[in-house]
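In the two complexes below, subunit A is the common chain; its partner is subunit B in one and subunit C in the other.
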Partner chain A sequence: MLTTTHTPGHQRRSLISERMVPWLFLAPGLLVILALALYPFLYALSTSLHSYYLANPAGSRWVGFDNFTAFFRDNNFWDNVTTTIRYVGVAVGIEIPLGFGIALLLHTQTRFKLVWRAALIIPVTLAPVVVGALWKFMYNNQFGIITYLTGLVGFESLFLGGPNSALWSIIVPEIWQWTPFVTLICLAGLATLPDEPYEAAAVDGASAWQILRYITLPLMKPFLTIAFVLRLITAYKVFDPIYLMTGGGPGISTQVLSIRVYELGFATLQMGRASALALLLFIVATLLTKFVVLRLLESRQDDEGRRL
Partner chain B sequence: MIESAVQRQAVLQPKTVLRIGRLSLYLVLAAGAAVVALPFCWMVSTSLMSLGETINRQWLPGTPRWQNYQTAWMEARFAVYFMNSVIITATSLAGLLTTSILAAYAFARLQFAGREIIFFGLLSTMMIPEAMTLLPSFLIIRGDVIPLPGGSWLNTLQGLTVPFMASAFSIFLLRQFFRRLPVELWDAACIDGCGHLRFLTTIVLPLSKAPLLTVSLFGFIASWDSLLWPLLVTTRETWRPLMVGLWSLVTEAGAETHLFMAGATITLLPILVIYFLVQRQFTEGIMTSGLKG
Partner chain C sequence: MNMPGKSHPSPSLLRPIRRDRTLAPVRSARLAFTWSVTARCVLVILVFLFFAFPIYWLVTLSFKADTDAWVIPPKWTFAPTLAHYQKLITTWPFFTYYLNSFIVVCGALFVSVLLGVPLAYALARFKWRQTRNISFIILNQLMMPPAAVVVPFYLICRQLGILQTLWAPMLVYVAFTLPFITWIMKGFFESVPHDIEEAALVDGAGNFQVLWHIVLPLVLGALSSTTLLAAITIWNEFFFALVLTGTTTYTAPVAIMGLWTQYTVYWGSIAAGGVLISLPIVIVGLIVQRHLVTGLTFGAVK
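Up next, the complex of A and B:
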């Protein structure tokens, strides 16, 4: 990859200062991230090995890995895992192709550009509080417009209130809010594609499908990868909108793992168990980063040539 | 330029097929735009209703009640909170850009021991669930863990801004961009005897308008829209931001939906204004920058 190491064209600087440069550049950012990520990590590591109640920190005692092993005997936990996988899988699985599709359609549009862009950017910029309150209100059984509209076509559902429908009902706002984000990334990507392959394809009489499959998709891969990685990470960590719409209920039907961490730590005050679960989440996420994200990111470097 | 390619490709098809295709394309787009815009339009519409109308399943208010905005503004104490939010977000953003640009440049361009490991560690921090960092971060900002300059940072500007001054995501995004810049730029700068900092500020940054704007937009949203953190670290009004005021419309005033929607619309406006101011550069930046090809 980045094999070309350049020595600066001037030899005025001493070697030491040259070696210090990267660390000076990294210091401000890493300092903040270390304080607000590394310390919480160590804190979680320590509390996860203790029976630690937030209301009674002094009564904390060492319990080894009990907080971790408890989850494997906990049916609630496995439900949380399934809910999380469903939430992330369905949301990201729809957002990426849908967002890319919309970008392909919009890309050729020159009229009403400002209107499209406004429609796309608004969901992305809305605060979680607003999204949660807005959708909760739209789903309301008595005066929500969604229940009204679905009632018109004869579809009855409890939406957020139903144990079977709640999960799907919280996935819809997620898709509504983040598909435009994927579209915006794809639009930015489409605008950078070179002309030549398309000219060649037109000369060869390639079909629209062939052009999409063999030219657009490969060229768009870096952008789709970034969109996928970002969506995966945020969907996996999702907290605010679910917390505001259902709080994990009814029952535990929308209790994704991050909601469970919060519930354990701040509702039942079992900080030890909450930390253990947070660490489990983190370990899985790190493995995902290592084996999926990094691999995806590396694969695009092969055809990159000589870069900085 | 792509338009021209697509038009060229369209010439190959019979005209009627093209017209039907274009018509259905417009229909699909219009339907999609309606679905996306509906919740937002409804939010604005509700913000102009009376309380009675909000629970009456009405699409539009009888007579638009613009005074809702004034009431929301007063009830949520936006007069104080708005300025607070502006200062908090501007400070966070300035810090965020400085730390991210420097770190991203180091990861993209400089050689140092452990670069890949540190970068991987950094990426991993994006994966840490917020529920896990909330309490320990609070302890840090309160000054319980390490002594902070000026003692506890509760109810201070730095308590509200410093946690937003660095983000693995921003570093990641900028690094992806910086490393795609052609190496010839550096070679050319080297001949002129340019150091890293000067190379970064005079050559790299002007070429990086698009990713910088993207990072700024996300940084702005992260700080402007945050609620949980300001709720935790402010016990007095002095530095409370907009979202805390908006939140009070949900919790304190009961179910005054119309006021909440008015408040929500107010908090959204600055982001939209900024987006439309920069969006031209946003696209132009990407087109003219080194990201292409």
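Up next, the complex of A and C:
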């Protein structure tokens, strides 16, 4: 066996191959990631500078930045931006305090733990398509359970069908599916809190509100920040449930930017315009990653002591 | 009936005295206490109902005959039927679509684990000048909205001639699963104490042997949870599958959309499909719950 004979030649060979091993670990995966991340980006960049109707056999035509400037003259685009901001803002603005509140409520609830944990985990793992279909059914204007229940208390609405109510109606399933996500993060956080500050507070006779405000909240801040940032980004990515429930309608009242990209690319086949908008989404996501997510996740990972 | 208290001095003799002295404060404290317990219970039940009711409604809908589902006021009791499941499987090739999903999940996971685990180990253990930039590229890919890359992926798959085959979604899912597995496993590899590996390296083991025989067994639980979490994400994915697959290669989530015809919406079958899609992932989700939060937060919360 070669491995047992220690000839000088073998040692040199094994040294070289040992030095190569880290590279062999790194290279294949990294190359695939780079290819699958960079190539589509460059492709989108090139497409966005062309007028490219998929149905046009003549192919694409160079138009420079026309696809980008078109958005700034396009009122629908600004509506899409506002809708996206409202969707993300309202959803995350409700999910964080609600999820935190529920975590505080359930934190000390040891009875039926399996049952309520299952009720939290199931919404998070469900396919957004299933969630969309389910809520669309519950919102049904004639036979939906939500229409029925709200009718009992005298509240009438077209829900998904109303131009003013549609956006609110698609936010509720979002809250239903992702508040447990915030709760699960907060529960993990609450489990790590030290006892000493609470004992001290009890000795000093602090009120429940003071304990929450001056002890729990500051200690929970890193967890709340992570929940906030991740919710912000996933709400910004949303497509499936909206596509399923309203398709962006009625009119364009629920057309967030993702839905608009789909409209442009796969309903009207304007690949150039769609790519330009996609690049805008890409840039916003990259800026968020660069300045918020990277710092947040890296600092957490380095900080082994806190085991966050 | 022999009261066990009879042999002791009866507590009832003592009680009036004590009650006289401390009645007011004790009772008010008790009342406040019981009120807050009741309030908590009510709140917990409300929270539970809010999250559990839609799931209950989905499951019952899938077992309700149409005559029971489409009535006002809604029926709470009904004779369960398997008709929707039967229809889903016999008149609609749902099983094929289910299998498609399964194939895509397995394919994408195989490639991602095979390439992602060594990459994660390399990033966690060896010094690279570009580690920070690589981390940025990986995270950026994880944060990328599907809408931002769906058009180029569609055009690339079209050029490669793999549109409407299962290769197309598989390729895209590797683009997102590989960075996911790499990132999460990097975190787990970093938490393995370096001393163990160094001892093995001093004893003459190669880097590959150290990873395979020493480190990997230590993180096997984490790796399987991470893989299962990635499986959930791929299984649920809809947007790319919608754009990239065709009538014979739909994955299960896209297939559900096919029950949404222009004329009728087969709600019962949609619900049955929803249950069938959700069943495996809910089970997997409950199995991996220890690592669920780690995975969902990309390793930020352990």
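We take it that the second predicted complex is superposed on the first by the 251 of 308 C-alpha atoms of A that agree within 3 Å, B and C clash if a C-alpha of one lies under 4 Å from a C-alpha of the other, contacts with A are read in each partner's own complex, and residues count from 1 in each chain.
Everything below uses one rule, namely that a contact is a pair of C-beta atoms (placed from the backbone, for glycine too) under 8 Å apart; a residue touches a chain by one contact, two chains touch by 3 or more.
Only a predicted model underlies this, so the values are computations on that prediction, with no experimental measurement involved.
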| item | value |
| --- | --- |
| Contacts of A:190 with subunit B and subunit C, given as first, second, both or neither | first |
| Which superposed partner A:148 touches (first subunit B, second subunit C, both, neither) | both |
| Touched partner set for A:119, first subunit B, second subunit C, both or neither | both |
| Partner chain(s) touched by A:205 [first = subunit B, second = subunit C, both, neither] | first |
| Subunit B versus subunit C as contact partner of A:296, first or second or both or neither | second |
| First (subunit B), second (subunit C), both or neither touched by A:105 | both |
| Touching both subunit B and subunit C, residues of subunit A | 21-26, 28-30, 32-33, 36-37, 39-41, 43-44, 102, 105-106, 109, 115-130, 133-135, 137-138, 142-143, 145, 148, 176, 180, 188, 226, 230, 233, 236-237, 239-240, 257-258, 261-262, 265-266, 271, 274-275, 278-279, 281-282, 285-286, 288-290, 293-294, 304, 307-308 |
| Subunit C contact footprint on subunit A (complex, rising order) | 14, 17-18, 21-26, 28-30, 32-34, 36-37, 39-41, 43-44, 47, 102, 105-106, 109, 115-130, 133-135, 137-138, 142-143, 145, 148, 176, 180-181, 184-185, 188-189, 223, 226-227, 230, 233, 236-237, 239-240, 243-244, 257-258, 261-262, 265-266, 271, 274-275, 278-279, 281-282, 285-286, 288-290, 293-294, 296-298, 300-301, 304, 307-308 |
| Contact footprint of subunit A on subunit B as seen in their complex | 1-6, 8-9, 12, 25, 28-29, 32-33, 35-40, 42-43, 46, 54-57, 59, 98-100, 102-103, 105-112, 115, 118, 120, 122-133, 135-137, 139-140, 145-146, 162-163, 165-169, 171, 173, 176, 178-183, 185-187, 190-193, 195-196, 210, 221, 224-225, 227-228, 243, 246-247, 250, 257, 260-261, 264, 267-268, 271-272, 275-276, 279, 282-283, 286-287, 291-293 |
| Of all residues in subunit C, those that touch subunit A in their complex | 40, 43-44, 47-48, 50-52, 54-55, 57-58, 61, 69-74, 111, 115-116, 118-119, 121-123, 125-126, 128, 132, 134-141, 143-156, 171, 174-175, 178-179, 182, 187, 190-191, 206-208, 211, 232, 235-236, 238-239, 242-243, 253, 256-257, 267, 270-271, 274, 277-278, 281-282, 284-286, 289, 292-293, 296-302 |
| Interface residues, subunit A side, partner subunit B - complex | 2, 4-6, 8-10, 12-13, 19, 21-26, 28-33, 35-37, 39-41, 43-44, 54, 102, 105-110, 114-130, 133-135, 137-138, 142-143, 145, 148, 176, 180, 188, 190-195, 198-199, 201-202, 205, 208, 211, 226, 230, 233, 236-237, 239-240, 257-258, 261-262, 265-266, 271, 274-275, 278-279, 281-282, 285-286, 288-290, 293-294, 304, 306-308 |
